[in-house]
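Common to both upcoming complexes is chain A, partnered first by chain B, then by chain C.
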Partner chain A sequence: MAFFTALGALVPLDHFGHYFHWHFIYLSLSNLIIILLMIATFLAAILAPFPGRKSRKEHQ
Partner chain B sequence: MSSKRFRPDVDAPEYHGRYSPYDIIKEGTIAIVLVGLLTIILAIVFGSPDERAITIKTWSNAAPVDFATTALSELNGTSGTAQYGAPYNTASTGQQLGPLQLSKWVGVRIPINTVKDFVISPLRAMPSQPALRDALTQWISASTSTQDAWVANYTKAADKLTFTNSVVTVPAANAGPVPIFINDLTQMARTGALDQALITESGYYTTDYTRPLLFLADGAYLESVATKQHLLGTQWGMMNETGSYPGQAWLWLYSFWYQIPPFNSSWGANADVLVWGLMMLLSALLLLVPFIPGLRSIPRRSRVYRLIWREHYRDQK
Partner chain C sequence: MSTTEIDRQWTTRLRQRATGKLPPEKLLPDTQPTYVASWIYVFGVATLAALIMVIVTGCILAIRGPLWWHGSVYGHFVNSLHLWSVEIFFFTMIVHLWGKFFMAAWRGGRTLTWMTGVVTFLASIATAFTGYASQTNFDSQWITTQAKDGINATGAGAYFNVLNLGQMLMWHIVLLPLAAVVLTALHVLLVRVKGVVPPFAEKVEVHS
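Up next, the complex of A and B:
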């Protein structure tokens, strides 16, 4: 039993969490975090500089 | 020879700038390794939802009165499944997309007679029950009008239905074998035998859970559990997961329409097919962007590409 307990999650999320409720928008905090991370990833893909920019410039 | 006019968004101009080497294999390998590592780390830290499945046994032990009331609704034809229409029966028109009766077109592909499939057939599978065997014989040999009268008499008294000392009791008169059916079906459900009987109705080795799931959905217990766990359709439907685990957030647009009028009000009866139709329309628009004047100009006019390739445009200056 202890072996299976050790295999369990370090931070299990089985408990009910917090919910964000604004007019008809009603979603869990975890969903909201995922959505914000997706938006942040999208913005990073647009705004972050391409890797290897410095070495390319030095090469030129 | 006249040269053809250049059409932005349709014609591709010839590129005269410099080229840079790009190793897609290297980039793909890095992406797979990083996502793989992230998946393993997140699995170790957070695990995954591990809720026990709700069965008819769970339900009938937790809420025997709700189970017995639902069993009666299967017998008197007032349950959600009994009145659903296609693909289970012809009780209603089903979902309509304007004048198109799509459910009727599909027809009854999974025929379910709630009296026979949810009550009588499972009870007939019960071994060595003389009283039940006699009750079933009485039911089968009675006319349809007599059966209807028994069920109606039981239904009239059903608001006084109680579950005391592990027995379903209803003070109903002239209800024929119906009290035995409802009580025995409840006892059968509480042992787990009804789960098995409903699954094996369509064959001995099967993974078809249609019947037990429909029976469960007809009761109030499943909805009450879903309400407690924030899993109702009104709570952004497909985005939900048990506990605090994140759900399928990328399906937000599909579930979004269910939350606003007219999909959640005057169009509510046909919301499923209307939302599906709307999403098909939006998906078609997305697929056909290169062919739709105006819409296909948005990337060029919004100039987001200049932000992504700002280094290149800065060098050009």
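Up next, the complex of A and C:
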């Protein structure tokens, strides 16, 4: 419980959210973070080695 | 009944057609191609896992009702599980979508697999929207009053009234989840029929 109270103090939720505005693109900070996380996950999914892939290729 | 008559029955013909298209060893295979050993192939099944969690938590919320999910500790917990399962569902579905898009997953006669995925994505957005509209709190009041003008501008407002809580709740817990689940099942069956799409060949031979 104390952890979540501390987390709540770090991320104040009682005011209007932060928004980014570039031309026609209008994004909230939270949505921007999610999009960046999805891009990072996508790149990691392509680049990160899959466990056991090498041994499977050798097996074949 | 003669053998010819049995062969002509719709049940016999349907069974033969179904088992011909999708024999049990293809429906639940023991092995997968080597190229499936990549993290990018994990996100489809991760989306399915999140969908199962969404349905299970949604069923619990439906049994207990709004007073429970707003007014008790366990209600808050299951409500949060439902929300975060949806967040993970969309997160993994979008990474799955990007992976399949850059793989051109509609190759090799997989057009219908791709299209069922697209329609499932749209049905899921509508399901999530009606979920936000059915929260019965200030957030849902804000969302619905903002959305009504957009929906009315399309001309659909007379049939799809976002300010009608009962209608939004029925769409959210009956019609749209049914569509999403049926489409997902069809999508998975088509993946099993056509097989998982292979990556592009590493070397391309050019013939002059």
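The definition used in the following text is that the second predicted complex is superposed on the first by the 37 of 60 C-alpha atoms of A that agree within 3 Å, B and C clash if a C-alpha of one lies under 4 Å from a C-alpha of the other, contacts with A are read in each partner's own complex, and residues count from 1 in each chain.
The rule is simple: a residue touches a chain if its C-beta (ideal position, glycine included) is under 8 Å from a C-beta of that chain, and two chains touch if they have at least 3 such contacts.
None of these values were measured; they are calculated from a predicted model.
Q: In the superposed model, which partner reaches more residues of chain A, chain B or chain C?
A: Comparing touch counts on chain A for chain B and chain C gives B.
Q: Quick check for you: in the superposed arrangement, does A:Tyr19 touch first (chain B), second (chain C), both or neither?
A: first
Q: If we overlay the two complexes on their shared chain A, which of chain B and chain C does A:Ile46 touch? Say first, second, both or neither.
A: Once the two structures are laid over each other on A, A:Ile46 reaches both partners.
Q: Check whether A:Met38 is in contact with chain B, with chain C, with both or with neither, and answer first, second, both or neither.
A: It touches chain B and chain C both.
Q: State which residues of chain A lie in both footprints, the one left by chain B and the one left by chain C.
A: 34, 38, 46, 50, 53, 56
Q: Going by the contact rule set out above, which residues of chain A touch chain C in the complex?
A: Residues 34, 37-38, 41-42, 44-46, 48, 50, 52-53, 56-57, 60.
Q: Which part of chain C faces chain A closely enough to touch in the complex?
A: On the chain C side, the touching residues are 34, 37-40, 42-43, 91, 94-95, 98-99.
Q: Which bits of chain A are touching chain B when the two form their complex?
A: So the residues of chain A in touch with chain B come to 8-17, 19, 24-31, 33-35, 38, 46-47, 49-50, 53, 56.
Q: So in the complex, the part of chain B that touches chain A is made up of which residues?
A: 20, 43-51, 229-230, 234-236, 239-247, 249-250, 252, 259-260, 304, 307-308, 311
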